[in-house]
């Protein structure tokens, strides 16, 4: 960069002001001067916002809504006109009042003397013992909007609560006097070895929680030997995210199919080229659920995904981040599209994420899917839908053979090592952890690693206390599900078809 | 009116005072001077209150308890003596201390700057996202008495709570990968096409919530393509209510049968002539339930229905609006009266509202009723009675064939699009929405339309997330009722008749 | 009294002081001068307290712990020495600091302007709408000790709460379109006609709540046509209580059998002579339950029953009123004693109060008992015992024929007309109301009458809303007990006898 | 001691300072001067802490973490060099700032005037009526760390809560009219006669609650005729604890098997020699559960058991007392080790403590164990494991014959006499009481005796109210378990073995 800088032409702010019209529009981002005249109408955030900064330094605004690399990736090299001279970027920044503010409060410093902790109520990372602790810290550290986006769920939060409560109502039956001096919790997911039977569920725009966003997750998960599922609505490009992990490290990618199928095909091509191992197609959200807290929490400015291009700002219904980001999703996607998807995926495995009935697990198997994630989008899609663990019980009771045919994952409300153990006892191969990882990002990469260690530690302790030294020893007899057995749909309902209306 | 005014004789307040006795009694209402001498003894509110205003301007009091048109409709034209001259009505008003106050707080202005909102805690309509939001706004905007009347339920509120809770305990089973790009929620109710499978349940005296009262509901429902059920105890005359909707727009009418059957026959004649489509005879309230909050909230002055003539003021038991309005209801009404009712109704359909057991649905079908509303009067009649959704489950389990024979509606505690979906899955044709529409009237017609749009939006979203593109695709398999199945009366009880007492 | 006074000798306080020793001991009660020398050692409250007042005016203390008539009944006429002269009783009273204080706060005046109400938070009687209202008023009006004694229940209050909750979980199935213009709720209890199917359950020492104590209940119940059960531990003599009702008015009497059987035989003889109709032998309290709130609430002085002679003050375990009053109860009472009891009762019916299993109802029938009260002493005996309504369900399911053989009453947690209706539907003949009547005594006789009217009104309304015009029409189909059916002991347990310890 | 003192050499603090190096190290404890040079490296608390006090008076620190006798027992007599002269121990004490503080607040004085009670909110012992009262007093009287250690349970406290709640959901079926004038609650435990069917469950480091620690329990239990189970992690040596009870008084000993089996063999040898009657091998804690409150509550200094040598201070995971004390436990212990254990135990009975499934009760019987304690370590091991009472129900339903084959004890959440009665009805021979005894130690020996009396009193009352005069009369029909029957694992699950991972 130093070398590059010296070779480039230098400009002053005065120079820039000569290029401040729609027909001749330069802007500065991180001291680099770009000619974006031809790009104005293609800007996903609209042309208006760009024209405000015509001939000016747009660094602050850019940083608030874009990943660092994105301008370099999207503009041709010849549009880089040179460097802004002799001006600290901060000075030249426009501090327009109603413009987007930084979306994250100052990151917590883990100083020995804990002085910051006493100011904002956020504990040092060493004081975090559980998922719940991360949640509480996040509720204080995140901006109200970001907190609303991550923590909210659909309408009355019934499914959101039930995810956790039904899991808690399942009891464990620990066996005694087994040699548990060594515990092995390694397994594989679609052939990829992992250090523990859980993975990071996809969630949009991790950069709202920390400047490192998905990069922090990527570094943490590869260090810890677990799999990260990259969201279609990630804040960084896929290549950037995977680039911070060791070469060949396995990644999964979560896919929202775009109404403009070409765009999806491009994304899948990128994924294939980058060596993504599996595509988790989200099937529980043809439209987004109604998340009222998200709608109510006002958002300023525009946020945009570096992968899908999905954006959120505000409309007459509110500021629903989840709703607005989802507008490109193809509501017509159906079983027949799986053939197309299979073609596009090449060697990548296909996983349906958001399966909510045993019937649809059966169909997925019939269509040759490699795995499913039993999920209700963390209670964010259709409120009142069955808690995930209950669907797992339904699968086990009605179609136990399916558990041999494809891999079954589950997510929604899992927060403890013992929760994971219960899912495994019922036949899940691995458990997805969503919100807790988002919350852990308050502490960046270090937070995500600490969370992973907590979950591993809890799982190991739970296995020992249950008399288990490896995952192979887990059987359904490990759990007592009597308290929830009556809730399981058994499929033997007299399927009285409702009369024509 | 201007033309009319100029032709009329002018009076001063002094002139009026000459006509202030029982034998010569004039009053002023909205500047018009009426001779009501011959009407004193027929006044449904009693003669005493009229005589207080003999020879005076009674506009304020009149407005507080009557619909605007009613005096013009009930008095012959020759009793209009002229106009009050040179006096602003407000000046001449008697501001007697203990007299009725206006029943509605100032209506919220939806100004952009929201300044009023910050004063009274009532959000602008744009900030209302759900039925619950309307309820909260109403609890602040309505007078304590009106709030008590609408929100109260019988004794310990058990059924009131259960209506909602049992519905919430029913889970949904969303199916995935269906093409839901288009969603059709149109249906018919007794042959009348409607834009969505819900309707406005009847509730008394909407004018307590907003000066436009039932007129606002009428305009909103006809704009939105749904059916309004006019209450027997409406604050406006039937003709006035139906008059603000387009000609031929379908209306239902809720009927309390009067102990004086002649009065009921007149009302039914009016309904027939006005083209009402169906009569919903209330059968769950031969006497009103005991609503303690309603009894406790003091009411000043008298309120009177423009249709039934039912009135409420206060007696030694308290100020129970619901109880006092109901005094004219015929407690002897029984199955044998249906023949008479059928004769009186002509082409109008007959619907029993307040059916609370599957047994009585069966009887209703045997008596040739066209439809039933499974209802417990919103928990306002017999506390402890089964929640409505449970009765629907009972019908579906014991007599599924009845769902083909007559239309089954249900109301009580339905507040979400997903609640409506559950009822449809169990065989209901449409769902009645009661209190939420009353609460929406805080914002007048606009509020009622906004509520309708919210419910439609929620239902559409829920259908999409459930994998449904039309109501025809709904089957009982959409719901998992296991959590409440054990509560359903199955009718196989050994019906041990209790020994003679 | 005036005549009597003039004939009697007059004394001054100075005169009295000459008779202030154990061997010559006079005291003044209500201006009358008594020689109680020979009675000192028989005083149930001990001699010490009497000797403190030797030669003094003891009116205040006497009033605090005794019924007005008791001294006249227990002392021979010749011990009345004369009258205290020229001294207002209040002046001569000893206001010894640590002596018992009056146990009741000033009675509420039902003044129109409600000024007292605003001072102490106790509403005027007209504002009391329900049992719960009475309870709240009593919690404010009674002394802490009296409140603790009446409201407390055993240890963790589980049965106390369950009594109410299980009743509430039973649902009603109202039938529609029945002619309910007239409602008849008359019935009989052991052949005695009553105006409604409920009665006053016995409770000790009603005078703690109001100076009129059981007399107020007696006047109220006879005015209202319901039966009062006089407690063994009543504060007035049986004759006094029955004396304020019309001649021949039916009364029941609750019996604790004394370890000194002679005393019980005397009491039963009195009851027979007074024309008591039935004896309710308490069988659920061979020892009192552990009522911690009662133990904790300190009591000053001694309280003594005018019938049983049971007393309460304080010991090292605490101030448990219920525990201390119960010390005379015979823990050895058993089925074999019923023959003796039958002999002693003559024509009086025998009712076992406190039956807690269907098995014991069966045994009671085999022993020829005329009725039983399914009761757990209002949750005051063994905490954890089954709620009363559940025992009724057990009887109905296991031994329905017993409901024809003897009358089955039930009490514990019944507070609404609809609660009573549920019990009747399950086979009870009548329902006992306990604590609410004690609470109603805050307002004296008027309170007890108002409570009776409330319950009748609620029952009448509930019957109408349920489609019932007489108790004869009630059948088990009136209720839906599905929510609690699984709780019913069905007696088919494999009765594995536990191995010898 | 006086005689001994006079014979011993006297030293001053100046003398001591000459022996303050690692090679020549003296310290003072309770005025006695010890040469501990050769012991420095064997000190279980590490050498560092000792060297800080080289040449100084270490009495305060010693008292905070050791039992009084331990130094005398562990050091040879010839290391006692003499006495510290002319200095009150308090003067010479080092009051180093960050050193351990006394772990107990001032003990409550039970003065008649209760003045202290009003200062700290801790009631006098006479005001304690129940286990719950003891708990509340302890929450105020104990240091935060000690309170956290005793009261905490694993992760989300689900099992901890369920222990109590499921017991409470079991109902009692009291029988009436039985002669209960005399009640006998005596029984035997493994042949040892006891006065009541409950015993003191083991808990670590009772000295944290009171200076007398386990000695207070020992005196109280022997006075009261019940059995104390001495913890492996007791604060006093076994000999000292047993020494304060009468000779031959029966004791049980709880055993954690040490990874260094030799140490365990030594402990068992000591137990045998001392006449311990039974060894309760803890089998539910190969590793400690995750008790977050315990981890969070900071502990200063080091605490060490006088029996196991287990120690706790603090590490990077937190201050988890339970976790740190447990580090010596052998995670490899398994069924095959029972043969070794049997050899080591000689005549002592073997009891498995922490059995959590009926299956393992069956195995324990097959391995010839004499008894089991159904326990989940008070909810402190694996959160989510089945409540103890439920395991008892499982045993009774699946393997009732086992109840004849070995003695079955149960602990976890039992706090009332009626709780104990329920366990006996289901087949338990006796019930362990854990935390309540720890809490009672706030009042020392007197507290533990008072607790025992409360439990006996409650059990006696409960038996009388249930119609029982001896434990022999208890049968399963005493309880109604319908509310929890559905929760019982019945073992008939199709044991689908999970596919290889």
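As written, the chains take the letters A, B, C and D, and residue 1 is the first residue of each chain.
Throughout what follows, contacts are C-beta pairs under 8 Å (C-beta built on N, C-alpha and C of every residue); 3 or more make two chains touch, one makes a residue touch a chain.
Only a predicted model underlies this, so the values are computations on that prediction, with no experimental measurement involved.
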{"item": "Common touching chains of chain D and chain C", "value": "none"}
{"item": "Same-residue or different-residue interface between chain A and chain B, half as cut-off", "value": "different"}
{"item": "Remotest chain, chain B as reference, centres from CA atoms", "value": "D"}
{"item": "Whole-Å gap separating chain A and chain B, where each centre is the average of the chain's CA atoms", "value": "47"}
{"item": "Centre-to-centre distance between chain C and chain A (centres being mean Cα positions), rounded to whole Å", "value": "67"}
{"item": "Chain B residues counted as touching two or more neighbouring chains", "value": "486"}
{"item": "In the complex with chain D, residue positions of chain A that touch it", "value": "126-127, 129-130, 168, 170-181, 187-188, 197, 396, 400, 403-404, 416, 418, 422, 424-425, 427, 429, 457-458, 461-462, 464-466, 471-472, 474-477, 480, 482-483, 486"}
{"item": "Parts of chain A lying in touch with chain B, wherever the complex brings them together", "value": "155-156, 158, 283-287, 289-290, 292, 295-296, 316, 318, 330-335, 337-338, 352, 354-357, 359-360, 376, 381-386, 390, 486-489, 493-501"}
